[in-house]
């Protein structure tokens, strides 16, 4: 998003994040025997779905409609899965790191964009979380599974914590660049630590039957 | 919604309705072993999902983004389920009444807001129904079940009937306060009677295979 | 859409397309024992869901909110299924033709509307595809099945090809009427040929487990 004004480092990170998100969608779709087109749609939805809902709620044009890089990036992810599917399993750890980086960056972008639109911080935290995590929910709805992030290691919660860090930095009147880095780092660290130590939120008991 | 201008009685009703909707989402999520965060998301989606889609279609900012009460209310519902899950089953009838009250109130709010935006009555009836019933559909998509309201006792149809009552009141040039009460009461009564006497709409035969 | 300014022929075609889409939703819903209301909702969602998401992304009012013909048409489809369900199976080929016509027309409408809003051609191709194919995805999410179009004969891909034909016509500075006809015809032919010769896109291997 806004990739004409942001420095190149962020663009590279964002590309890697989009790529990792798209790969995760495409691989889950391929496990369900989707065809190339279906897998691409699931990959795109995973990568841009969260940001699209955020933008529709904010009342602005979905970010991917003004810059084709996100769809191109998802297309490259599809090519990779088609050509190198056998070798991708070995790269699981790499993709996991990319995914965590993407989650962190998407959260920062979502929080910042919502604040720029003039909303309260609590709305921004929700929108940051949605930017990072809603794509995975849409992916799981498409492949007809119960959304993974509602049951496994801390994922969306990492975005919420990152958003709170953002808010604390704001209250302390910190420089924006530093705020972004602290917010993103906290999302990244929470996610990495959660998976390394299998930290899950408690589940509920006492369902309807 | 609009809780600065409406009288306190409506706010209390709306709070109870949101609470009942959130409880229903959280309890169904807990039956699927969702974690606290996942259950909260399902609860929020049940409570505000319908109104969010309504507002996106009307081209206005989703109502919960300007007032945090809806998310706070859903959070309190989560706390209740966590702390009192054992005792909640005994309260099933209470929640059913709350849910019917919420359905009635959400319908009135949805119809009124759509008319205020300058749309025809038939659009308002659809939006009122969506406000009341779409949250339950989103909930069931998240927990990967076929939406309940498409198969069980009259639910969304009660909203449609309420919307028609609203329209009749309008044609008869009734006072707005009275129109709201008649519309809400008819939704509430249809829903209560449908469940009490197990009134279902007929189902279709002749599926594709 | 825009049915005041378009000639009657397009209106007839659009009516048939909406009807065929609604029929497909209602019949799949009836196979899942939905009640009349649920079946109607699934039918409407199939018929207007794609265009609704398109319009929300474009930032305009969903097309069906300004013209009741789409909901009336879906209601007539419901009546047909209720009354003639036994005879509908014999008409499968007729519905398949209607569906392909609807797909073609919806694609043309979606591409044109997006270009009219000032977006690039690649956005218009995506929006044309979404107008034609997203309704079927929403239908399958509602009935809790893996979206059919992600796995079966070429469907959404036909819309993409039609969009590309539209773009080529544009580059060649062709007259708009002719462009529409070429675009629609190519969607229709690709779809018909794909089903006749069972042309599928390749599926992916190398899923996550």
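So that you can tell them apart, the chains are marked A, B and C in the order they are listed, and the count of residues begins at 1 in each.
Operating definition for what follows: contacts are C-beta pairs under 8 Å (C-beta built on N, C-alpha and C of every residue); 3 or more make two chains touch, one makes a residue touch a chain.
The model shown is predicted, which means the values in this text are computed figures rather than measured ones.
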item	value
Angle of rotation relating chain A to chain C [CA atoms, steps of 5 degrees]	120
Same-residue or different-residue interface between chain B and chain C, half as cut-off	different
Centroid distance [mean C-alpha coordinates] between chain C and chain B, Å	30
Chain C residues counted as touching two or more neighbouring chains	56, 59, 141, 144
Residues on chain A engaged by chain C in the complex (per definition of touch)	26-39, 41-42, 52, 56, 59, 61-62, 65, 68, 71, 81-82, 85-86, 88-89, 141-144
Interfacial residue positions of chain C with respect to chain A in the complex	56-57, 59, 119-120, 122-123, 126, 137, 141, 144-147, 149-151, 154, 156-157, 200-209
